[in-house]
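Heads up, there are several structures right after this.
Consider the two complexes below, in which chain A is the common component and chain B and chain C are the respective partners.
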Partner chain A sequence: MSTRRRRDRRVVALLTTRRWALLIVAALVAVVMLVPFYLLVSNAFKTGADYSQRGPLALPEPWTFSAFDRYLGSVDYPRLLTNSVLIAGVVAVVGVAVSMLSAYAIGIGRVRGRTWVVFVLLMATILPQEALIYPLFTGAQAVGLQNSVWSVVIIFIVLQAAFGTYLLSSVLGTFPAELLEAARVDGANRWVILTRIVAPVLRPTMSVLLVFFFVWTWNEFFIPMIMLITPDAQTIPIALAALKGQNTLDVTQLAAASLLSLLPTLVFFFLFQRTLTRGVTAGAVK
Partner chain B sequence: MTLISTAPATAPVTEAGRRRRPVTYWAYLVPIGIGFGAIVLVPFAMNLYYSFFDWKGGAAPRTWVGLDNYRELLRDDVFWSSFGNTLYLIVAIAVVPTLIGLLLAALLFDYLGRLFGPRVASVLRASYYLPQILPIAVAGVVWAWILETRDGALNSTLRALGIAGGPDWLGDPDIALRSVMIMLIWLQIGYPVVIFMSALQRVEPELHEAAELDGAGWWRRFRAITVPHIRTDIYVVVLTATIGAMKLFAPILILTKGGPESSTYVPSYFSYRNFFELSRVGYGAASATTLAIVIGLVAAGLIFWQARSMEER
Partner chain C sequence: MLALAAGLTACSGSGSDDETFTILQYETTSTAQYRGWQRALEIFREEHPDVEVEFASTSFDSIRSNAKILLTGDDVPDVMLVNTGNADGGQLAAQGLIDPLTDVVEERGWDERITGSVRSLAVYDETGHAGSGDWYGVPNVASFFTFYYNADLLAEHGFDGPPETMAELEAMFDAFLADGVTPVSSNAGEHAVLQTWWQLISAVADRPAIDDFIFVDGEPDVTSGAFLEGTQHLQDWIEAGYLGTQLAGIKADEMERAFIAGEFPFMANGTWSFARVSEEASFEWGTFAFPESALNAGASGHLWSVPANAKNKDLAYDWIETTLSPEVQNEIAALGGIPVAGDTASIEDPRMRELNEQFDAIRERDALSFYPDYPVPGLLDFQMSGLQALANGSTDAASFLADMQEFYDSGSQS
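This part shows the complex of A and B:
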C-alpha cells in the first residue's frame, strides 16, 4: 500500500516536471522568435560608439534618440507615412467594396459559371508578380502613372479584391435564404438587399478583410519597389530597403529606421486585434 | 435540346416579372472584371508576347526570335539551379514550419492552454505570430544585420561565448542558402500555428477524453485524432506556403542578391534581374512565364492530390 502511494507520488512529480519542461520549451521558442525584436529595440537607442564598443547584445548605455534623429534627417518620414497610409487605406476600403460587389453576384446571385469566375480570380493570387510586372511598368508609363502611388493603389485593389471575392463568396454562399426572401417580399431590389441586408450582416467578416488588406498592402515589397522610384513617392518599407541598399555602416540608424517602419503596422494590428478575433468567430451568421 | 427541356421547368416569365429584374447580377462583376482584365489578364498576355522577342526594353527595337528565349532558358545553368534552390525554400517555408507548427499548436492547445490557462497559450501564440505581421523589408534588413560576418549579432554572440571567427553566414556559397532558410523558418512558423490552433477548436474534446480513458497517450491521440481532424487545414497551409516559397523574392534581394556565386538565386530574382538590371526583357519575360506555368502545375498537382486523398477517406 505504502509503496504504491510512493509510486503514485513519483508519477505525479514526474508529470509536474514534464508539464513545466514543456512550458519552458514553448517559452524558449517564443524567446528565440522575439530575439530579433529585442536586438532592434536595444540597438535603435544606442550611440554608434556604444554599438561598436559593447556589441549588439548589450542594452544601450546611455539610451539616446540620436539614431532616430539621423534617420528622420535623411528621409522625409511624414511623406513616406502619408504614402503608405494612403496606399494601404484606399486599397483596403475600395478592395473590400469591390470584393463585396463581386461576391454578391457569385454567392447570392449565383451567376452561371461562377465556379470558373472564382477559379480565374484565384489564378491571380497564384501568379508570380514577375509575370505581370513589366507590362504593368510600361503600362503605367503609357497612362502617365509612372512613379505614382495611384499605380500601386489600382494594382493592389484588383489583386486583393480577387482574393477577397473568393473569400466573401464562400461566406455569402451560406447566407440565410429567409432573410433574402423576406426582403424581396417587401419589394427591395437587389441593390437595396446588398446595402441594407447583406452588408450589415457581413460587417464583422468585412472588417477582418479590411484589416488584412491594409496590413498586406502596407507590407508589399516587389511591385511598389518597381513602380515607385523617387523617394517622395515611396512607401515606408521601400525607403528602408533603399537605405539598406546604400550599404550604410550606420547600424544603429538602420535599427531605428526598421523600428519606425514596423511601428505603424504593429499599432494598427493591436488596435484592431479585437476586431480580428471577434471577426473570426462571428463569421457564422446568427 | 437543353433549351427545350429546361424551358417548362422555369416559372413562366410575365411582363411584370421581367421588368422587376432590371439589372442582372453580372453588373456587380463589372468592377472586378475590368480591373482583372487591365491588371492581370492583359499584362500576362503581353508578358507572354514579349517572351518571343529579343528586346532591351523601353524604346529599343524589338526583334522576333520565336522560342529562342525558352531554348536558352533550358540550357541556362543559373536558371535551373534557381529552381533547385526553390526546393530548399519549400522545405524552409512549407515543410519545416508545418511540422513544427503542428506540434506547437497541439502543445499550446491541448496541453499548456489547459494546464496554465488560455492567457499563457495566447501570449505564446502571439509571440510566434509576430514575424508574420512584419513588413518583409524590415525582416530582411534585421536578418541581414544579424547574419553579418564581422559585427553581426550572431557572430558577436559566438565571440562572446569564446568562439572566434564564426562562419560567413551570407558570404560563403556553401552555407548562404542554409542561412536564408533559418530566417525563413523564423518568418513562417506563426502562420501554421495560428491556423492549426483555430482548427483545433473544431475537434470535439469528447474524442480526446474517450481516447484518454482507453489509455491512449498524447502522441497516439495526436496522430489518431488531432491530425486527421485538421487534415484540410494542413493541406491549405502546405498549398499556400508552397506557392509562397516558389514566388519568394524580397528576402533574397535584401539578404544576398542571389549571391555569393549565384548560390541563392531563385526564379523570381532571375526574372527581376533580367528585366531591370541586365535589360534582357524578352529573356526575363520567358523566365517569368515559365515560373508561372510551373507554379500553376504544382498548385494543380497539390489540389488534385488533396481531392484524391479526400475521396479515399
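This part shows the complex of A and C:
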C-alpha cells in the first residue's frame, strides 16, 4: 500500500517536472519568435540618432512617431493599402472560384487527359516568374493594362488557380462516390451537385485556400514590381522596397514601414484564424 | 489664315493637355538630390502651368532589373533616371532605348559645366562603352570617397586635427591601436572595403591607367603598377588591424552606426553618408580627402535620360535644364549633396562647404577615378568576394589580382 503510494507520488513528480520542462521550452521558443517583432517595434519608434547612438537592441529613448511621419509623408499609404487589399482580395476570391470550377471538371467530371492537364498546371506553378515576365508584360501592354492593378489581378488569378486546381482536383478525386450517386438518383444536375453537394463538403478546404491565396498574393514582389510603375498603382511590398537606396538605408523608417505593412496581414490573420485551423484539421476526425 | 493658326494652337494644345509629363526616379526621399528635385518640380510647374506633371518613384533595384522591359513599351516615362556604367546606361544606349542627347547638350551649353571625368560616364559609344561617343544622359550630382573623422575622439587621444600626409594618417592609426581602439569603421559585407581598395589604388595611379581599366581600352594589366601597390597597401592595412577584425560580417548600416555611436575615430566611406552623420552625430566631426592621392575614387551620379519612345521630349530637356539651374544645384548642395554644377561659395554650412570644396579640387584636377566595378558585368561580385577573402587572410594581393586579370579579360572580350 505505502510503496504503491510512494510510486504514485514519484510518477506525479515526474509528470510535473516534465510539464515544467515543456513549459520552459515553449517559453524559450516563444521568446525566440518574438525577438524579431521586438526589434521591429522598438526600432520603429526611435529617432535616427537614437538608433545610431544606442544601437538596434535598446528600447527607444524617447518614443517617437517621427519614422512613421517620414514614411507616411513620402508615400500615399491609404492608396497602397487599397491597391494591396484589392489585388489580394480579388485574387483570393476569384482564384478559389476558378480553382473549384476547373477542379470539379477534372476531379468529378473526369475529363479526358486530366492527368496531363494537372501535370501542365503543376508545371505552371513551378516555372520561375522571371521566365514569364516578358510575355506577361507585352501581353499587358497589348490589352492596355500595363501599370494597372488589374494586370496583376489577372496574372495572379491564373497562377494561384493553377495551384488551386491541382490541389482541389486531387482532393475531389477521392470524393465519396456514394454521395454523388445519391444526388444523381435524386435528379440533381451537374450544377446542383457542384453547388449543393461538393462545395459545402469542401468548404473548409476552400477557406484555407482563400487565406493562402490572399497572403501569397499580398507578399508577391517580382511581378508587381515590374508591372506597376507609378506610385498610385503600387502595392505595399513594392513601396517598402523603394526605401532601400543604392548606398543608403533609413533603418527606423524601414522598421516603421514594415510594421505598417504587417498590421493588415495581422488583422486578416486574426479574422480568419478559426477558419484556418478548422480547415487544416477538417477530415481528421472522420 | 486665322483658321490655320487656330488649328495649330488646338493641335499643340491637345498634345500637352491630355498627355501627362512623367518623371521617373529612384533616389530615396532622404537624399539631397531628391529633396533638391522637389524644388526643381516647383520651378518646373511654374514655368509650365498647363502641364500635368507626375513625379514617380521606384527603387534602384527595380530600375536595375527592369529598365529594359520598361523602355521597350509604348507607355514610357518622358524623362527618367538611369544607372551609369556599361552594364546599365551603356546597354540601354546601345540598344537604342534611350536617345542620344549630344545636340541638346551642346545647344543648351550643359557640356560647358559638365566636363572631364564628371562627363565620362554620361557618354557612350555605339557598343555601349562609357568614356567616349554621344551623350546619353546628364548627371545632377556626384559622389566621392572620403574620410570622416571624430574630432572629439582625436582630441581625446592627443590629436588636434586631421592628418596632412599618409604617413601622419598611419601614425595616428598606430597610436589608436596602441590605445586599444580600432581606428577605421569599415565593412566588407557591403562596399566600403571595396572602395577603400580602389581609393588606395587611385592614390598611386595615373589617369591613363585608370581610364584604360574602366573604359576597357587596350589590354590593361591589373597585376602590376598602381594595382599591385594599392592592393598591397590595403593588405598591409588589414594585417595591421586598421580596419578591424570582423570586416566580412559588417554591413554599411552597422559601419555608419558604429561611427555615429562614437566607437571609431575614422570612417572611410562615400559622401552619401554625409547627410546621416550630420543629422545623427552628437560630437564634433569633419571630412578630409585621402591624403596625397593622385586620383580620388568617385563618379558622377545617375543620369537623367530621355527614353527613345518618350512623347514629350522638349519638356524632358526643360526638366533637365531645371535640375541644372543654379537654384536647384545650390539647393542640393545646401542639403548636403555634391552638385555637379553648383556654386560652392554660396553654401552656408561650413562642413557642407568643405565637402564641396574637396569635390571642386578633385574636379579641377580632373581626378575622379570612378568605382572599380564599372567595366565588366559581374565584376562587383568577384571583387567583393575576393576582398572578403583578403580581409580574412585566405588570399593575398598578388593572387587576388591574378584572378581578377583572368576575370576581367574573359569579361571584356565577350
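Basically, the second predicted complex is superposed on the first by the 243 of 286 C-alpha atoms of A that agree within 3 Å, B and C clash if a C-alpha of one lies under 4 Å from a C-alpha of the other, contacts with A are read in each partner's own complex, and residues count from 1 in each chain.
To be clear about the criterion, a residue touches a chain if its C-beta (ideal position, glycine included) is under 8 Å from a C-beta of that chain, and two chains touch if they have at least 3 such contacts.
It should be emphasised that the depicted structure is a prediction, and the values quoted were computed from it without experimental measurement.
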{"item": "Superposition on chain A - do chain B and chain C clash or fit", "value": "clash"}
{"item": "Partner chain in contact with A:52 - chain B first, chain C second, else both or neither", "value": "both"}
{"item": "Which superposed partner A:134 touches (first chain B, second chain C, both, neither)", "value": "both"}
{"item": "First, second, both or neither for A:109, with chain B first and chain C second", "value": "first"}
{"item": "Which of chain B and chain C A:201 touches, first, second, both or neither", "value": "neither"}
{"item": "Touching partner for A:244 - first (chain B), second (chain C), both, neither", "value": "both"}
{"item": "Which of chain B and chain C A:126 touches, first, second, both or neither", "value": "first"}
{"item": "A:34 touches, of chain B and chain C: first, second, both or neither?", "value": "first"}
{"item": "Residue contacts with chain A in the superposition, chain B compared against chain C", "value": "B"}
{"item": "First (chain B), second (chain C), both or neither touched by A:188", "value": "neither"}
{"item": "Partner chain in contact with A:179 - chain B first, chain C second, else both or neither", "value": "neither"}
{"item": "Colliding stretch - chain C into chain B, listed as 134-142, 242-250, 278-286 or 404-412", "value": "242-250"}
{"item": "Chain B and chain C footprints on chain A, overlapping residues", "value": "52, 55-56, 133-134, 226, 238, 241, 244, 251"}
{"item": "Contacting residues of chain A [partner chain B, same complex]", "value": "19, 22-23, 25-27, 29-30, 32-34, 36-37, 39-40, 52, 55-57, 98-99, 101-102, 104-106, 108-111, 117, 120-121, 123-124, 126-136, 139, 154-155, 157-159, 161-162, 165, 189-190, 194, 215, 218-219, 221-222, 226, 236-238, 240-241, 244, 251, 254-255, 257-258, 261-262, 265-266, 269, 280"}
{"item": "Chain B to chain A touching residues, read off their complex", "value": "22-29, 31-32, 35-36, 38-40, 42-44, 46-47, 50, 57, 104, 107-108, 111-112, 115-116, 120, 123-124, 127-128, 130-131, 133-146, 151-153, 156-157, 160, 186, 189-190, 198, 243, 246-247, 249-250, 253-254, 267-268, 271-272, 275-276, 281, 284-285, 287-289, 291-292, 295-296, 299"}
{"item": "Chain C residues touching chain A - in the complex, by the definition given at the top", "value": "22, 24, 26-31, 54, 56-62, 65-66, 69-70, 73-75, 77, 143, 191, 252-253, 256-257, 260-262, 270, 272-273, 275-276, 279-282"}
{"item": "Chain A - residues contacting chain C, complex", "value": "48-49, 51-56, 70, 73-74, 133-134, 137, 141, 146-147, 225-226, 229-231, 238, 241-251, 253"}
